[in-house]
Each structure stands twice: as C-alpha cells, then as structure tokens.
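Structure first, then comments.
In order of appearance the chains are A, B, C and D, and numbering begins at 1 in each one.
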Amino acid sequence: MSYKDEQLSEEKVFKDPVHRYVHVKDQVIWDLIGTPEFQRLRRVKQLGTTYLTFHGAEHSRFNHSLGVYEIVRRILLNFENRPNWNNEERLLCLCAALLHDLGHGPFSHSFEKVFKLDHEDFTRKIVLGDTHVKQILLKVSDDFPQKVADVINKTYEDKLVVSLISSQIDADRMDYLQRDAYFTGVSYGHFDMERILRVMRPMEDQVVIKASGMHAVEDYIMSRYQMYWQVYFHPVTRSAEVILSKILHRAKYLYENNYEFALKPTHFLSFFKGDVKLDDYIRLDEPVVLYYFQMWADEEDSILSDLCVRFSNRHLFKYIEFNPNLQMQEWMELYSLFKDVGIDPEYYLVVDSSSDLPYDFYRPGEEEERLPIHLLMPNQELQELSRLSDVVESISGKKRTDHKLYFPQDFIEALPDDSKEKARIFEILFN
Amino acid sequence: MSYKDEQLSEEKVFKDPVHRYVHVKDQVIWDLIGTPEFQRLRRVKQLGTTYLTFHGAEHSRFNHSLGVYEIVRRILLNFENRPNWNNEERLLCLCAALLHDLGHGPFSHSFEKVFKLDHEDFTRKIVLGDTHVKQILLKVSDDFPQKVADVINKTYEDKLVVSLISSQIDADRMDYLQRDAYFTGVSYGHFDMERILRVMRPMEDQVVIKASGMHAVEDYIMSRYQMYWQVYFHPVTRSAEVILSKILHRAKYLYENNYEFALKPTHFLSFFKGDVKLDDYIRLDEPVVLYYFQMWADEEDSILSDLCVRFSNRHLFKYIEFNPNLQMQEWMELYSLFKDVGIDPEYYLVVDSSSDLPYDFYRPGEEEERLPIHLLMPNQELQELSRLSDVVESISGKKRTDHKLYFPQDFIEALPDDSKEKARIFEILFN
Amino acid sequence: MSYKDEQLSEEKVFKDPVHRYVHVKDQVIWDLIGTPEFQRLRRVKQLGTTYLTFHGAEHSRFNHSLGVYEIVRRILLNFENRPNWNNEERLLCLCAALLHDLGHGPFSHSFEKVFKLDHEDFTRKIVLGDTHVKQILLKVSDDFPQKVADVINKTYEDKLVVSLISSQIDADRMDYLQRDAYFTGVSYGHFDMERILRVMRPMEDQVVIKASGMHAVEDYIMSRYQMYWQVYFHPVTRSAEVILSKILHRAKYLYENNYEFALKPTHFLSFFKGDVKLDDYIRLDEPVVLYYFQMWADEEDSILSDLCVRFSNRHLFKYIEFNPNLQMQEWMELYSLFKDVGIDPEYYLVVDSSSDLPYDFYRPGEEEERLPIHLLMPNQELQELSRLSDVVESISGKKRTDHKLYFPQDFIEALPDDSKEKARIFEILFN
Amino acid sequence: MSYKDEQLSEEKVFKDPVHRYVHVKDQVIWDLIGTPEFQRLRRVKQLGTTYLTFHGAEHSRFNHSLGVYEIVRRILLNFENRPNWNNEERLLCLCAALLHDLGHGPFSHSFEKVFKLDHEDFTRKIVLGDTHVKQILLKVSDDFPQKVADVINKTYEDKLVVSLISSQIDADRMDYLQRDAYFTGVSYGHFDMERILRVMRPMEDQVVIKASGMHAVEDYIMSRYQMYWQVYFHPVTRSAEVILSKILHRAKYLYENNYEFALKPTHFLSFFKGDVKLDDYIRLDEPVVLYYFQMWADEEDSILSDLCVRFSNRHLFKYIEFNPNLQMQEWMELYSLFKDVGIDPEYYLVVDSSSDLPYDFYRPGEEEERLPIHLLMPNQELQELSRLSDVVESISGKKRTDHKLYFPQDFIEALPDDSKEKARIFEILFN
C-alpha cells in the first residue's frame, strides 16, 4: 500500500474542547503532527498579546491548527461523492489545513511589522525546505510538497481546494472564531457550524451555500464582526502590542548603534540584520522571546529596560481616542511636550489604528481581493450573499477604522506638579 | 478611609470562561493583581506537562488564582451575616485565595522533587519577603502579611477561614476541577457549584454542608475522582514529566561533574547548589526553562541533548503497566540489558507511580491529615459524608496506586535486529 | 410586619435550565405562583404550534413567566441604590414581571384572530377581577392590583418601571429569546445577558445602556432578528396555525349554522357567541382544546373532521412563496379551480403573511410606538442605538414581510390523473 | 428498489437540543414518524408529573423516541463493517429504537398500577395490530412487524440487536439521562456519550466496552444514580403521582358504585371495566386526562373533586420520612385519627416507596434479570464492570429504598385548634 493510503491501525483522537474530538486515521497526518516544526506551534500563542486582556486566551496555534484540520475533515466527509475526487486530493486538503499556519512566529503581527517579515513566506519555506515536514510530504509524492504550498499560497489550480482553507467562510475562520470565543469566554463567536457544513456544496471552483442556510451564514458573519471589535482589536491588547513593537524597535536601534548588550542577542541577530534564515526563524519561539525580555529588563538602556518591565508585568500604556489625521496639531504639540519633559515620543507616544472589513463582495483588481460568498438558489442560480441579506449588506465593504493614542500615564503623573508641560499634556489628553 | 476599605470607583470585571465574570471591587485586590509576582503566574502553566496530552490545557496559574478568588468572593456573599465577621477578615479570605498559589514555579512537581523544594515555602516567602505583594499587604495592617501567610499555611487560628482555601471541598479544588475540565474539554469535572455554595454553612471552625446538598457533594467528589484518573494522572502526561525530571537530574549531574555547558546555566545555578534565593526562584519561569531546553538540545552531552529534544518535540517515552514491587526480577534484568546495549537505565528506564485518595475521613496523626466533609442534618447534628453516601464510602480512604514503566521504544527498536538483548527486552516488555 | 415585606423563612429556588436557578424570597411572589390562575400557565405552551416544527419547543408560559420574574429580580439588585425606590415599588416590578402573560390562552395568536380577543385584556381581568391573584395583590395594598395592571398595560406613571417589562430590551424579550433558543435547540438566541444587566442604568423614565455595552446589545438585537425568521415565523409552524385557525373558523361557522355537534362544544359556546367571560376563558386551556380536536375528528362534517385529524397527526399543508398582491390573477384562478374540484378554498387555500420590525427607532404617533434603545455616552449624553450601530441601522424600521400560500398537496395529488384542473393547479403552484 | 432500501431524496434533519440534529435518510423511518400512533407520543410527557417539581420537564416521549433512534443510528455507523450485518438488520434496530416506547400512555406509572396495565403490552399491540405503524412495517417484509416486536420484547434471537435498546447501557438510557438532565436543567446526567459510542464493540450476543472506556462508563452509571435520586424519585413528583393515583382509584370506585358522573367518563369506561382495547388506549392521551380532571373538579363527590383541584393547581400533599415496616403502630394510630376527624385515610394518608438498583451484575433467575456491562480487556477477555470499578461496585446490587408518608397538611391545619386529634396527628407527624 502506498504511503498516502496508509491508515493507522486504530483511529487516534485528540480531545478538543471546541470540536469535542479531532480524529486522525491517515498515517501522513499523524506523522506530520509529530514533526518538530508542527510541535513548535505549541510555543506560539494563537492570539498573541490578547491573554493580557482576556486571561483565558492562552491557547496556542497548535490547538487551532488541529481544529482547522478537523473541520476540513468533516467537510470532506460530505463531499465524498464528488466525482474525480481522489484520495490524494483529499489528503492535500487535510495537509494544507493542518499546516496552513506553520510559519507563524511569536507575536506575529509585531514581528512582521518591525522586521518586515511575512509568515506565509515562512510557511512555504517550512513546507518546501529542509524540514521534517517536507520529508513526510515527499513520501506521498514528489510534487506533493509543492501542491501543499500552492494550496496554502492560494495559487493551486483547483480553486475549490483553496477555498476550503482561504475564503470568507473557510475552515480557518470557522475554527478560530469558535476557538477564540471558547478560550476568551466571550459569548460571541457561536454559530451553527454543523448546519453550515451541511449546506456547503462544492461547485466548479468554489464552495457555495444552499440558500436555505443563509441565516446560519449571516450569524457566522456577525460573529466575525463581533469578535473583531470585541476581542481582536481590543485596545488593551493593542496597548501590549504597541509596547512589544517598541521593544523590538529599540533593540534593533541599539544593535545598529553598537550598544553593548549584557546578554548577546544571539537569537535576534539575523532579525536585526534583515536576513532571517529558516532555522533562525524556527528557533525564535515565544518562550525565547520572553526569556530575552526578562534579560533585557536588566539592561542599562533605560528605554529597553522600562518597556520590557512593562510587558512582563502588564504595566501597559493608557489610551484615548485620537485621530492623527484630524488632530495633527495636537499631535505635534504633544510630541514637543514629551520631548521637553524627557519622555522619548518615538517610544512613548504611539498612535495605533485598526480596521476591518468584516465581509466584502468581489472587487477585482483591488489590493486584497476577497472572493464573495455565494448562495445557491432553489433555481440553481448563484447569488452573492450581501444582495440577499440586509444585515450583511449593512457591513459589507465598509471599512471601519479605530484610532487610539497610547502613552505611559504613570510617567506623566510622575512629573513635578508645578510643571507647565504636565498641565498642558493633561489638558490635551483629557479634554 | 483606610486602605483596607478602599473601593474602586467602578467595579472591574475579568471575563472568565469558567465563572463568566470575576468581579473586583477592593483596591487591595486590584493592586495585588497588578504586582509582578502575581503577573508572573501567567508564565506558569496550571497543569504542567498536561498540555502534551490534552492540547487545550495551556491555561496558567494566573487563570486559576483569579478563579479561586472569585469563588471565595461568592461564598462570602452568603456568609455576610455571620457575626463578628469584619471587613478585614473578609479581605483576609480574599487575599489568601488570590495568593495561595503564588509560590508555584514552572512544572512544580518535577522541580520540587528533583531540587527538593516546596512551593508553599516560596508562597510564604513572597508574602512575607521583600516583594511588591508584601508592600501592599502591609498597607492594610502591620500583621496582615503574616495573617495571609498563616491562612495559606493552614495555621491561622480561625479554622473556618482556613477551610475556605484548604479542605476537601474548598474554593481551590472547586475552581481547578471545573477549570481543568473546561480547558482540557473532558466531560468530567462538572458539578453544581452554585448549589454547593448555597448549602454551605459556616460553623465554628469549619464549613459544613446542609444534608439536602449531599448529592451535589457526591457529584463533586466523583468529579474529583474522575479528573484524577482521567486527566491528572494520565500516563502520557507522566511520560513527559519523567523526561522533564531526567533533564533536570542530568543537568545537575553534569554541573556537579564540572561539565562545560555551552551556555552557562545562570538561572539554574542556585538550584544545582541547593540554595535557592527567592529572587532566583521568581526568575525561573516557564519560558526561561523552555529557553534552556532549546539551548541544551544542542549540548554535546548526548543524554541531556536527547532528552531536551524529546521534550520539545513531544517525542515521549512509551509505557507499560509495571509494578516494581512485584516485578523486581524483571526490573533488574531490564536494567542490565539496557546497560549492555548502551542505553543508560538511570535516564531511560523509569518507574513512575501515582496514587490518590479522592476522599478521606479524618485520621488524626496521619501524615497528611485531611479534614472530613461534614453534613448538617435536619436535627442540627453533624455527620461525616462517607457515613451517608455509599458512593463516597466506596472510594474513601482507599489509596489507589498506578505503576508504569517508561522507556524509549524508538531506541530499542533501533537496536540491530539480530541483537539478543533487543529480543529479550521486547519479550519482557510486551509479554 | 406588613404582608408586602414578609420574607420566606428560607429562600425557595426553582431549578431553571436557562437561568440556572429562579430565586424567591418574597411571600407575595410565592403566593402568586401558587394561585390556580398562575398554575394554569403550565397548560399553555409558550410557542403555540412551534413544537410541530421544533420538537423541543414544548415548554409552557409558566416556564417563561418565572424566567421574566427572575431577570427583573436580577436587574433590581443592580438598581438597589436608586433613590426613592421603596420595597413596594420593587414588589410592583416583580409582580408585573411574573404576571405579565397571565391572560394568554392556548394558541393565542389563532384564537385572538378568529375570536377577536386580546390576551392583554384578559391579563387585566385576571389581575383586577374576582381571582386568587387579585386577593393576594390586595393584601399588599388597596391600589396594588390596579398598579400591577397599569404596569402591564404600560400606562403606569413611572415609565422606568414599565420599561423593565415592555421595551425593546426588556426582561420579557431577554427571557424568551434565550428560553426559546434553549428548548428548540437552535444556536441563535444567545447573547451576554449578564453583561447587558451590568450596563443597564436607570434614568428618569427609561433604562439606558452604557455605551461600552453597545456590542452586547447589537448581539441581542441580532438574536432577536434571527429567532424571528428562523423560529417564530417558520413556515411549517405557520402551516399548523393555518389549520388551527381554520378549525376554529369551521366550528364557529357550523355552530352559527345550527350544525348538530356529536359532542356539545360547551367550552367554546361563549367564544362562538363573542361574549367570553373570564371564567370561560380560563377554563379553555390547551388540553381542553386538544380534547375537542380529538372529538371533532369524529364529527360528521368532513371539513372539521379532516382539519382536526391533520392537526392531531401533524399532517400539515404544504406551502409555496406567494404574494397575493402581485399574484392576484393566479390566486383567483386557483380559487375557482379548487372550487371546481370540490376542495373548499375557504379552508384549503390560505395565504399567510408574517412580518417583523426587529428594531425600530421612535416614530411618535405611529400605530405601535416603540421606544428606542438609548446608549449613555461617556459625556453623559444619550444616543439612539441605530445611530451608532451600522448593523442595527441596517435592520431598523425595515419591515420585512413573508407571504406563503398553504394548501393540502395530498388532496390535489389524489385528484384523478386525467383531471385538467389537477394539471392546471400543479402548473400554477409549482412553476 | 425495495421499500426497505428506499432513501429520501434529501436527508431530513430534526433540530434536537440534546443531539444537535436527528438525521433521517430511510423512507421507512420517515413514514413511521408520520403515523398517528407515533405523533400521539407528542401528547404524552416523558417524565409524567415531574414538571410539577422541575418546571422545565415538559418534554414529550416523541422527543425521547427520536433521540433513541438517533443514538442507535450513530452506534450502527460504527458497526458498519460487522459481517453479516445487512440493511434489513440495520433497519430493524432503527425501527425498534424509534418505536420502543410507542405503548406509553399518559402518566404511565400511575395508570399501569391502578388499572393493572403494561405499556410494553400496548407497544406490541400497536406494532402488530391494525395500525398505520403495522402497515408500514409490513411493506418491509411480512415478518418485519413481528421482528420489531420481538426486539422490543427482548425475545429476538440476535441478542446483540436487543442489547442496543435494552441493556444496562443502551440507547434508551443514554438518551433519557441526557435529555431529562437537559430539560430539567440539573447538572447531573452528563457523560461523554461520544466516547462511549466509540468504545462500544459488538460481540457475539452483546455490546461490550473497550476497557479504556471504563471511566466514561463509570461516569454514566453515576449519572444514572444521581438522576434517579435527584430527579426521578423526587418526593414532590411522587406527591403529585400519589394524588393522580388516588384520583383514578376514586373515579373507578365511584363508577363501580354507580355514582352518577355529571360528565359521562366515556374515555375511561374500558379502563374501569378492566378490558382496555387498543383503540381506547390510544385515545386516552394526556390532554384527555387533563380535560377530565378539569371536569371532575366540579363533580359533587368531594374527594374526587378535591383531588382534581389539587392536581390542576399543584396543591400537593406534604410528606415526611416514614417507614411503614418499622412504624406500623404510628401508622395505625394515624389511620384511626384521620378517620375520626373525617379525612378519609384511604385517599389522604399514603405511603409511597421508591427503590432503585442503579447497576446490577447478572443474577440469573431473579425477577428482573439484568445483563451486566462487560469490559473488553486488552487481552481480549471480558470482565464484568463492577469487578474493576470500586465506584460501580459500591452501588451494585444494593437496592436503596426510600419511604415517605404523604398527607394534606392544609386539611389537618384546618381542624379546630382545640381538637385533641389535631394535636396528636401533629405530634406523630412532626416529632
């Protein structure tokens, strides 16, 4: 029997709080889960700094990756009768689902921004590079690693396969909404996935939804909308991320300016230099980052040290609503005032903006094209979701942006009471 | 207003997946949560290596500590009318609940065993030592830190206060059973806490349970029993712990034998020397341990390196049932065989035994006295629980022990096929 | 101690699957629950014919009434510090909550339409008439029954009290959405009530919501929207209601035309005559109606008999989308065709239309004024919800109507295969 | 295609709050659900009078029957590869599961006791008699109705088939424990059914459980134990049942003594005469019974009238612990005292005893033989559950009996205050 058809002698199950059980029967999947690259995902939190706002959100990407795999597995059970759907194709979907987040590093968002990296790039490198994962995929067939990479990369020719992992109603989103709701404990994020799975229909190059399931999909879109604004873009989480980014900026700056670190930042060197090899990337997991933050808290540089202490002890920045476009003048005045009182505004006066497009219809040619969700009408025609749903229409294509200004209120309060600058800073911030 | 009576201008709430919300109104509690010592608990997993068996079990002791606080807060709402129960006493209960696990280090069980430490000792040191926590407690009153330490230490004179945190049906157990069930996703661990809280009655020196609540308590005891055997003593979790302990043993051994570590094990030195200062202890959080394991995976010493790779990649030991008392001869033979084939049995042939006493009536003078659960009968008499409940009686005072033998099956399989030793080892292990 | 302040010696609790426990401490509430008029609500289903679509929906109005009471009880705990809020006012809220649905009869919707009754009218009559409920309320104070009636009637002067029971975010709606979701098993209907209760603030004449709770309220509005279209207006439920109405119509028609019933319809006489006394109304509970349907299934009149058999055996009408305004001609043709083949269209060709306004801002003077939901902004101003929420705005004030045509497909299929009418009917219905 | 292999063109699903969805694909099953005999189960409550204690327990046997069917359907999915397991056998299991409770009447327990009926008898009669159900089963094959009856009757030759529906861990029990827990809202009744289904293994003549699933089964047995004592045998429920039985006794007595009923008890005549035809039985559903109780509340006979008022208004008897075996003398004295003061002890002084055997090993020849649960050990041997589980052992074969004495406390309180008998009755009852 070829490797791709090998089945475990007994099905293995993982107890999963969200999907009850994750079932594994394919030897390939079992072997992939056992690779060091996949096990590394246990050391990367799914929601970055969110655990500092919602203490339950301590779950890892390992958790989520198994969940996405399980959802795809269930979808495929429903598609079993699709013609021309062979076992390798099935396995391709499962592997892509399992591995789609493999390239995520710790606190991806901040790291990607500061060091100009792209986790999708690293996912590809892990799938195609000199890794245990690649070795296992190769055993399926010579071009299997490339196929898996293509699916994750959305360039695979069978767009139906791609859409299971990457579309506006894919296994990825369906897992993380439910999982993140479960671990944070919020009451959003629930929708009737079992029903959605049952009304999914494979069409030529996409998965469509039987019209009778429209309300379940509406509910899913609303969950997504609520999770974004209630959890993912929570201002306290963003405060922690602001600090994290500033730590990385400062460390890089110090390195570039030949600062003598008490502990040589070995793991970070290639990041500072802008030439990150796969192996460097893999070694920089979350515990390593936190280890450095502990060490840097004792560094002589007061900015680096202060920011690391803040992060470790959750001593975060405060924030106010602040639109830098409309409030340019206040911004400039604050910048000068901070400088005058010796609080470096580069690190301590930060605007952060978040925005989301909870659902979008197709606008070809736009920056980030999003395939719309199509409903399959009783007459077999397809209709785009927002045409039928007022609720979805109301949030379609509307980018909502939220600006906040972050700053260390404790520093400002610690200024002498007779300081003119203190008075003026307070006046601008809190009036 | 004195500090102990200070209330936050607006109640703060933490979203908690187990208790829905954790409510904080006292300034003291709020300040304690903000200390570095308490925030450190975010970097210590509640269930040690259990996440390698149940992937959901990635929650921290921070999580659990808030939960215990919340349960005690709810119990106290019911006790409000108890005479002589002043606000300082109330605060004492809440602080002790919040801080009771403060001294836990990473993977406590293994660290305590290998380095002969006691986390309760460190809890006391944090409460009474030169810490932020102590500073805050002192603001309540001069003897408040000592009182908090006494409650956690079970030596406080008012045994009723002690019993809220440490008894066979205390807030600690009620939180962890539910929380660990929630995060692992197992279906055990549920019981009707709301009912138990309502039938709790403060008596002179203990909390008793109205007889009408007996079945809810039975259900709780059974949850406890199931969680122990299904989750806490899961053999795969113990396999990871065996490896972890052996890593620590090996590192200590190497240090004592003047091995030259590529990375100087700064954080571990005082542990190796057996003289752990509070500050050393606090710095050794879980990310730091995992950082070292990553570094040690590259050490020259092949045992240390192998064990660290195993732990990081979840490449665990296999196990079989094995009772060392009854199977001494096999054990000795295996020991020799392992030696003969070059697998050091000190590190690679490990018996681990777990045992639990899910409920016990009072046996004064015994090693670890456990106060029994008393039911308050309609005639106002007290009856010990196991006298009334067949189910509880069936598991009372019965220590159940489970022995397993752990070993690296991959090493044995890798022995040459014509090796006599290999054949014999297999024969002993799998017949 | 006056009756209104009397407390039970021990708090009573009802186990409730939705709110966990319903707590009763006031003697008045306990006594009201024990009245025959309140116990009667056990014999009236909360969702009428919905159990024929969602088999779980067999819960009664008794169930729901306790739930509304419990929610108001919890809201009042948060309002305890409101000045001028005395115990009688508190009790008034609780009684109105408990009793607000007292006048509901079996299958209210159909009975009200066919016999031109109004359940609110009967609620008033029970509260103010010669009933056990009235006797108990009188013991509180002479004008207490009238006050309770006024609150339920929305004419009570303190509009804040009214708004707890009747507004767009009242205890009634919050209970039924959750309860109906629980019993039907649908995944809609969940929202974070605990949070909503915590952000409710009593203002002069209304309850407003702190702006920070906007998303929880959005979620509630969406639940409402989904429950209406997925559960309350389900076309199968409406099919059963169509049959039910037609049974009542037929029985009334027969009575008016001096048909000789095998069983004299004693319980229905006053309904047929249009002069329903309170006592008649109370006696006509759901089991009585079902008893008559069983008996009428054996009546000689074939229409009455057929409809009763259909209802009892859930042999319902089929339906298609059909807009009588746009399809007047088809409608007329069908009407004739039905007549021609001997299927009385008065009973067997029924258009049913449902429409809902899930949320509406205030339009004074309109038929059914709805008070809008106001958010309390950080600057203490009030803002109407749909101004701040795109999602709510998208469904505000938009009446959505759904028309269906119901008919007995089995009758049509049973027509001779060579019948021209059959062919034409099928053509109109299914093309 | 033969009828037994006919599949619906599209799978039908019922939304079920316990199992999420109930799936129907077989035409036979769909047709059976549509029969009047099966639809009648909507008019029989699953838990009789329990809704008077737990207001959520208003669910019907229709509900439960679908659930049992669904569980068997899921079990069979796992057994698909069993040799010699053809489609008719599969259908047999499903039909027996669906129909096993078909013969239940309203408040079965009381009716069976008072009128000496047996619901299993009527189930057989419905399956084999002149019914719609029989007609459908006949279309499968001539002997199919008999086979279905045999399975339900436990006399079918393939004991494996029987054991799915009737054993100590069958689909029936697994459904009702979960369902009754869900609707009452109690926290007992939960166990990991998904795991139990996965460790079930079909053996020659029984279903056995893989030893690794022992704890899940323990948990199930404990659920059963808790549900019995917390819900099924709740003394308040039994109080309602005592009244119900006494109503039936009284009505029968009056009939036998030629009492002139204001309303002729047509539906009850054959019950009074002890010759209940199938058609009489089927017509006596719960609404009919409640209709009669309403009518009888107005009867002249004061005992019948009083008891019916009590039942309708939930004006139940009070109770105390009372062991008639040990307290014979008190009993006799009470009996006389009741007579003396004019409260007929036949109807108003009732001892009710409940007892349960939550799990039993096999004791051949005993009255009600129960097949034990067998665990399949790794060495392929079978072990009886209670040999391996202390917890199960503790409750095995131990019949626990609970005696209560029921009486109308209001009647006794209404006796003149100077009545010697009143004083003495109170003394006996409450000392």
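Rule of thumb we're sticking to: a contact is a pair of C-beta atoms (placed from the backbone, for glycine too) under 8 Å apart; a residue touches a chain by one contact, two chains touch by 3 or more.
What you see is a predicted model, and the numbers here were worked out from it, not measured in a lab.
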Query raised in the report: Considering B-D alongside A-D, which chain pair is linked by more C-beta pairs in contact?
Result: B-D
Query raised in the report: When the contact pairs of A-B are compared by residue number, which of B-C, C-D or A-C has over half in common?
Result: C-D
Query raised in the report: Distance from the CA centroid of chain B to that of chain D, rounded to the nearest Å?
Result: 44
Report task. Could you please state the distance in Å, as a whole number, between where the Cα atoms of chain A are centred and where those of chain D are centred? Result -> 52
Report summary line: Whole-angstrom distance, CA centroid of chain C to CA centroid of chain D, is 32
**Report entry** Per-residue multi-chain contacts in chain A, two or more chains
**Finding:** 20, 186
Report summary line: So, in the complex, the side of chain B touching chain C is made of residues 13, 20-21, 194, 198
Query - Residue ranges of chain C in contact with chain A within the complex - result: 186-188, 190-192, 195, 215-216, 218-219, 222, 225-226, 229-230, 390-391, 393-395, 398, 400
Query raised in the report: Taking the complex as given, what residues does chain A use to touch chain B?
Result: 14-18, 20, 34-36, 39, 42-43, 51-52, 54-56, 58-60, 62-63, 66, 182-186, 283, 285-291, 294, 312-315
